[in-house]
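Please find the structures below.
You will see two complexes here that share subunit A, one where it goes with subunit B and one where it goes with subunit C.
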Partner chain A sequence: MIVGKAVNRVDAEAKASGTAKYVADLVDRNALVAKVLHSTIANGTVLSFDLDEAYKVPGVVKIVTCFDVPDKQFPTPGHPWSTHKAHQDISDRKLLNTRVRFYGDDIAAVIAEDEIAATRALKLIKVEYEEYEPILTYEDAMKDGAMAIHEEKPNNVVVHSDYEMGNFDEAIKEEGLIKVEGTYETPIVSHCHIENAGSYAYMESGRIIVVSSTQIPHIIRRVISQALDCGMGKIRVIKPYIGGGFGNKQDALTEPLNAFLTSVVGGRCVKLFYTREETFVCTRTRHAMKFFIESYVRKDGTFAARKIKAYSTQGAYASHAHALVANAVNGFRMMYPVGAIKGDAYTVYTNLPTAGAMRAYGIPQIGFALEAHVDDICQKAGFDKVQFRRDNMMQVGFVDPFTTIACHSSGLDECITRGKEYVNWDQKIEEYKNQTGDIRRGVGMAVFCYKTGVYPIALETSAVRMVLNQDGSTQVQMGATEIGQGADTVFSQMAAETLGFTLDKVNLISTQDTDVTPYDTGAYASRQTYVSGMAVKKTALSLKKKICEFAGYMLNRDPSDLDIEDNNIVHVGTREKYLTTEEVAMEACYSLENSNHISAEETHHCSDNTYALGCCFAEVEVDIPMCSVKILKIINVHDSGKIINPQTARGQVHGGMSMGIGYGLYERLIIDPKTGKTNNDNLLDYKLMTVLDTPDLGYDFVEPEDPSGPYGNKALGEPPVIPVAPALRNAVYNATGVAVNAIPLHPQRLFEEFSKAGLIK
Partner chain B sequence: MKKQLVTCTINGKVRENYIDPRASLSDLLRGEEHLHSIKHGCDVGECGACTVVIDGETYNSCIYMAIWAEGKNITTLEGLSTLDGTISDIQQAFIDEGAIQCGFCTPGFIMSSLPIIESDEEFTRDEIKKQVSGNFCRCTGYDTIVTAIEKTHNKRKAERAKK
Partner chain C sequence: MYDFNNIYQPKTVKEALEMKKAHPDALLLAGGSDILIQCREGRLAGRDVISIYTLDELRGICMEDDGTILIRPLTSFSHITNNPIIKKYIPTLGDAVDQIGGPQIRNIGTIGGNICNGVTSADSATTLKTYDAILEIASVDGIRILPYADFSKGPGRVDLREGEMLTGIRIKKDSYENTFGKYIKYSMRRAMDIATLGCSVNVRLTEDKKKVDRVRIAFGVAGPVPLRALSAEESLKGQLISEELLEAASQAVMADVNPRNSWRASKDFRIQLIKELTRRALRSSIEQAGGEF
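Let's turn to the complex of A and B:
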């Protein structure tokens, strides 16, 4: 068995030795340099430019402005395209925009011979704006008479949706219910992949080639073709190794403009690499959300009814738009599918940096709100926090009435048991009762559920090609992408497992090139091991069948008698060895009688989905006068089904926990409330987790086999980030008795909350 | 601007390059020497992805002027592999411990760890953390990186003690 083993990553040596090539390592050194001019107002219209001084800078080749780009709006999010008009993504931006919608909007671009010339020219462009008052909160954007940020949405509501499971109004009439209300808020945060956004583009025979740091090469090709209004066949997108994405690169970022820029300089190679500051402000962020929750619980500790109203601050452009908050309010229902439940969600345009996809897609937001709220309920009603969750949480057999997604497997109960043990929960709950003094300790926990893929909301398709090489190895081509999460490694393991090959006989091609790579929508959701994994399995079975057929021809045996094990053709029953796969491959390639290029290509159209589940348990020490939180112990326990590779799985959990700690305690984008300018658009002022902020990270897996996953597996890439922030918030609550309903729990917020509660005088 | 000659030792070889005096050392190493292990995550000394060792000390090469390299001895990640491509123990430890994900921070982290693993001093985990706290990683949560450095440090110390 190779699936399930902690093998080293297939790309680790290239990355450890420095030979792995990323976008910036591939670009021609004579490439022209493009730089984007970003608006210095948050809301307004560009009236004119004065380019005279800028053009005087030696080395400037061309300047294009928002008045020079095609008058065409296009969508950017990395969703599979819908052929149904009603489900298509919102087209609301141009390559460069005359109507300025946030501080940092793209309004012009300079192409120059070198970076210094481009940068100097940018500074010399004079812009005349008509300026309007920035609209920086969803509340202001939804006010009567508020100015429309996009004329297509006069009230600034991008989308509003609602649902009702059961009858809420009837349900709350039940005698003796306890009502608990709460308002919870999450901040705008940044992905902070260490490689910034960037691409380069050039033309060949009338076609545009874009090499980009993206999670979704096939989708980027479609978006460019929409932006430039040309056939998809005219565009070729190549994705080499990338330095992280976390959802930010599940969006068209620099690529459409970059493709346009090469076309205005006769197809010369143009590179467009964003700086860290631009990556913070001008790519995508995580949506800030605000939730109003009202719950009615019975004295026996079960939900009778609850409802949620959610507001998602979209920022300037739609990007993934409503999909995130819709996911959040669905998550509100799915985690505890008990009683009547009502959801109401708004996505609202504002003059802020554009929010898009980020690891776990709306669920860290609702995860914080819901799990904080559950602790509030337990506190008010006197319930045991763990038992209440156990009594109400999703169980195997649950089928969500709206999405039809079924709970095929659940190890959540066992996850909770192990988490409790790790922090010594029962004893600590007793120990930390009735504390006084400046330094107090507490324990907290949170659970989550997470949909693995995007079915049935969107198309789930994945194609794989496998070619048998003459040495009996196979090269595997996939549209699914490696973005750091370890996809190439687990796919290689899956291919080896199903083919009966050893891992060294599987060469997975890491680079995607839309000219040659089979179609897959790419790295997002936590879909690839689940959806693309099915395509690997299907293609491997098909290749194996063809190898056995040729071996049967060589051996004069029925192919159904044959199997492959450790690169040998063996008898399916006795396991007697007949041939090596290399012998079969050589004969198949060079046979004078029956030459046969053995290869397989299959598409898997997935029409299933499944929930990954898990929890976080944390113990903290709060220094009340210092308003600081120290993590003493923390563990995430995951049910992600069968683990394909314990080493890479641990990596996902560690990385997600680190991001979750940052989300709970430190990270936020700080926007100037008057101008809309981002004040901490760099790695010094944005409090990104350093190694010193990271405590020992506990992790564990409960591994029920999921019957719908290709190898019993389900989502793991995104979930680890979800339960951490609420577990920390609940631990601080347990320690101090102060329920903080917004993250991050930075000192300033804690000071305000502790002061309000009388802990600081 | 008129280019200037900079002569320095890079990964054991004396190299001469004519370079724009406004260029950074990372420009020289990436642009002229094609040493692509040097990554850029910020260009202003915040992220550590461009770390190299100059005369035994670690520096962010993005904020170190190329012309300051005159006469200096510079090591990049490429310099850690032998000529036949065999990687060093610290690189292998990063692989074995699962300390690499997207790999973009990896070269910088490995370079930042060199003064630790080459030192005879004792380093606790917390001290290792302090030493490499100028390097960011968004993927791994750092835990396995610290372990890779810790194990290599202990291994080298034991090897030196035997000699």
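Let's turn to the complex of A and C:
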């Protein structure tokens, strides 16, 4: 068994030794440098530019403005394209925009011989705007008579959707129900991947080549072709190693503009690397959401009914738009599919940085709101917090009535048991009752569920090619991408497992090149190990069959009697060794009678989905006068089905927990309430945790084999971020009796909440 | 790529001062950990630069004959923290600068750069204030001696005149002798952060360790520049050590501070911190000095 083993990452050596090449390592040293001019107002229209002074800077090659780009709107999100018009992504931006919709909008670009010339020229461009009042909250955007940010959406509502499971109005008539209401709010946060957004582009024989730090090369090719109105065959996108993405690079960022820029300088190589500041403001963010929840629970601790109203602040452009808050209100239903449930969700344009995909896609938002709310219910009604969750949570066999997604397997109950044990829950609950004094301690927990991939909401498809080398090894080419999460490693393990090869005989090609790489939509939705894993399995079975057929020909045996094990052709039953795969591969390649260049390529169209589940348990110490929270103990316990590689899986859990702690205690993008300018567009003022702020991160896996997963596996990439913030909030609640309904629980907020509660005078 | 115009590299302090006279608008570059940020931001882009970083005469710590401790301005934070003289006599300073940035910044950043940059959050500033540091400032015309208390002119502005350079920081024996102190940096995270509030306190107790003989308190980010709580210090002099003393101190400092509202933290929150940090830093200082509550 190679699946299930903690083998080293296949890219460990290249990355640790620095030989792995990223976009910035590959770019031509003579490349021209492009810099984007971003608007210094949040809402308005560009009337004119004065470029005279900027053109005088030595080294400036060309300046293009919003008046020079194709008059065509295009969509940017990394979704598989829908051939049905009604389901297509929203096309609402141009390469450069005359209508300014947020502070930082792209309005012009300078191309110069070097960075200093480009930066100096940027500063010398004079812009004349017509300015409008910035609309910075969804409330203001939805007011009667509010100005339309996009003329296609006169009331600024991008999409509104609702659902009802059972009959809410009937259900709440039941006698003796306890009603609990709450309002919960989550902030705008940033992905903070190490490598900023960036690409370079050049032309060859009339085709445009874009090399980019992206999660979704095939989708980027399609978006560029839509933006430039040219055939997809005219565009080639290459994705080398990248320094993280977390969903930000599941969107077309610098690529479409850069493809255009090279075309205006005769195909010379142009690099467009965003700074950290631009990456904060001008790429994508996590949607801020506000939830109004109303629950009706019975005295026996079960839900009779509940409803949610959700508002998602989209910012200036649609990007992934409503998909996130729709996911959030669906998650509200799925976690506790008990009683009548009503959901109502709005996605609203504002003059803020554009929100898009980010790890766990709307679920960290609902995860905070719902799990905080469940604690509020338990507190009010006197229920045991763990038992209430156990009594209401999703069980095996549940089929969601709207999405048809079924719960094929669940280890959640066991996850909770282990989490409780880790923090010594029962004892601490007793110990921390009735505390006084400045320093208090508490415990908190939260659970979550998360889908694996996007079926049936969107297409799930993946293709893989395997080519047999003469030495009996194979090159595996996949459209699925390595973005630091370890995809290449687990795919290699899967291929080796199914082929009967040792791991060293699998060469996984990490780079995607849309000219040659089979199609896959890319890294998002925790889909690849599941969906692309299915394609690996299918292709490996196909390649194996072909190898056995050729071996059968060589041995004059029925191929169905043959199998491969440890790089040998063996008898399926006796396991007797006949040939090495190398011998078969050599003969197949060079045979004078029957040369056969063995390869396999398969598409897997996936039409299933499954829920990953899990929980977080935390113990905190709150220093009330200092308004600070220290994590004493924290653990995430996950049911992600069978773990393909415990070592890379641990990395995903640790990374996700770190992001979750940041979400709960530290991170938020701070926007000036008058101008719409982002105040903290840098890593000093945006309080991403450092290693000194990071406690020991506990993790554990419960591993029921999922019957739908290719190797019994389910989603793991995104889930670890989900339960952490609510667990911390609930722990602070337990410690202090103060229920904070907005994250992060940063000192300023705690100061205000503790003051209100009379803990600080 | 940093947008500089010319870079000059003097070999001696004398040469540096001559260059500074010849190019009065040129920036002095020490470790560069403030200047390079400002170049990149565009505030200081396109300027001439005089790099003094290699001038070893301006580096190091020693004790002069009368017990005065001399810190040369190019001494890095990590060297200050690990210096035996500092460890023995002014550990509070070593501890304060050990909370700056991260290991890389503490290796490249200099104490001279920290105070010449002139911001209210500079982590060495409050402790230098509480130890009544005295500055040696040189130009081609000679040397000027200035109490550090008079150095700040406003946010990011210090009393360095045309052609001048900081060449020494001195702390007198009477200032550190029998004195115990504590610096508390309150920031939103534990590394790579600027202070939301900084508080440095030191005390000298009476011989019987029952009373405060002398107390000095300074704050960062409690006003536009690092400041001393002089009226509070005066009111605490000679007081008996007690819980009430801590409370009185936390109230008294309010007369000396002037924190403001900003998107980083509200005025009210900073006031809460000023009071709480005063209590905690004073308690720690007294306890280190052998006082009991």
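We take it that the second predicted complex is superposed on the first by the 761 of 761 C-alpha atoms of A that agree within 3 Å, B and C clash if a C-alpha of one lies under 4 Å from a C-alpha of the other, contacts with A are read in each partner's own complex, and residues count from 1 in each chain.
The rule is short, and it goes like this: a contact is a pair of C-beta atoms (placed from the backbone, for glycine too) under 8 Å apart; a residue touches a chain by one contact, two chains touch by 3 or more.
Worth saying up front: this structure is predicted, and the values here are computed from it rather than measured.
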Which chain makes contact with more of the residues of subunit A, subunit B or else subunit C? B
Once the shared chain is lined up, is A:S560 touching subunit B (first), subunit C (second), both, or neither of them? neither
Look at A:E195 in the shared chain and tell me whether it touches subunit B only, subunit C only, both, or neither; answer first, second, both or neither. first
In the superposed arrangement, does A:L692 touch subunit B (first), subunit C (second), both or neither? both
Considering only the touch criterion stated at the top, classify A:P625 as touching first (subunit B), second (subunit C), both, or neither. second
Now for A:L684: first (subunit B), second (subunit C), both, or neither, which partner does it touch? both
Report for A:K21: first if it touches subunit B alone, second if subunit C alone, otherwise both or neither. first
Thinking of the overlay built on chain A, is A:I116 touched by subunit B (first), by subunit C (second), by both, or by neither? both
What residues on subunit A does subunit C touch that subunit B touches too? 116, 683-684, 689-692
What part of subunit A is in contact with subunit B in the complex they form? 6, 8-9, 11-18, 20-22, 24-25, 29, 116, 191-196, 241-244, 246, 275-276, 483-486, 647-648, 650-651, 654-659, 682-684, 688-692, 694, 696-697
Which bits of subunit C are touching subunit A when the two form their complex? 1, 3, 42, 45-46, 102, 186, 188-194, 196, 263-266, 268-269, 272-273, 276
Could you please specify the touching residues of subunit A with respect to subunit C in the complex? 114-116, 119-120, 123, 625-627, 666, 670, 672, 679-680, 683-685, 687, 689-693, 746-748, 751-752, 755, 760
How about subunit B: which of its residues touch subunit A in the complex? 22, 31, 35-37, 39-44, 46-47, 49, 76-78, 81, 85, 87, 91-92, 94-96, 98, 100-107, 110, 129-130, 132-133, 135-146
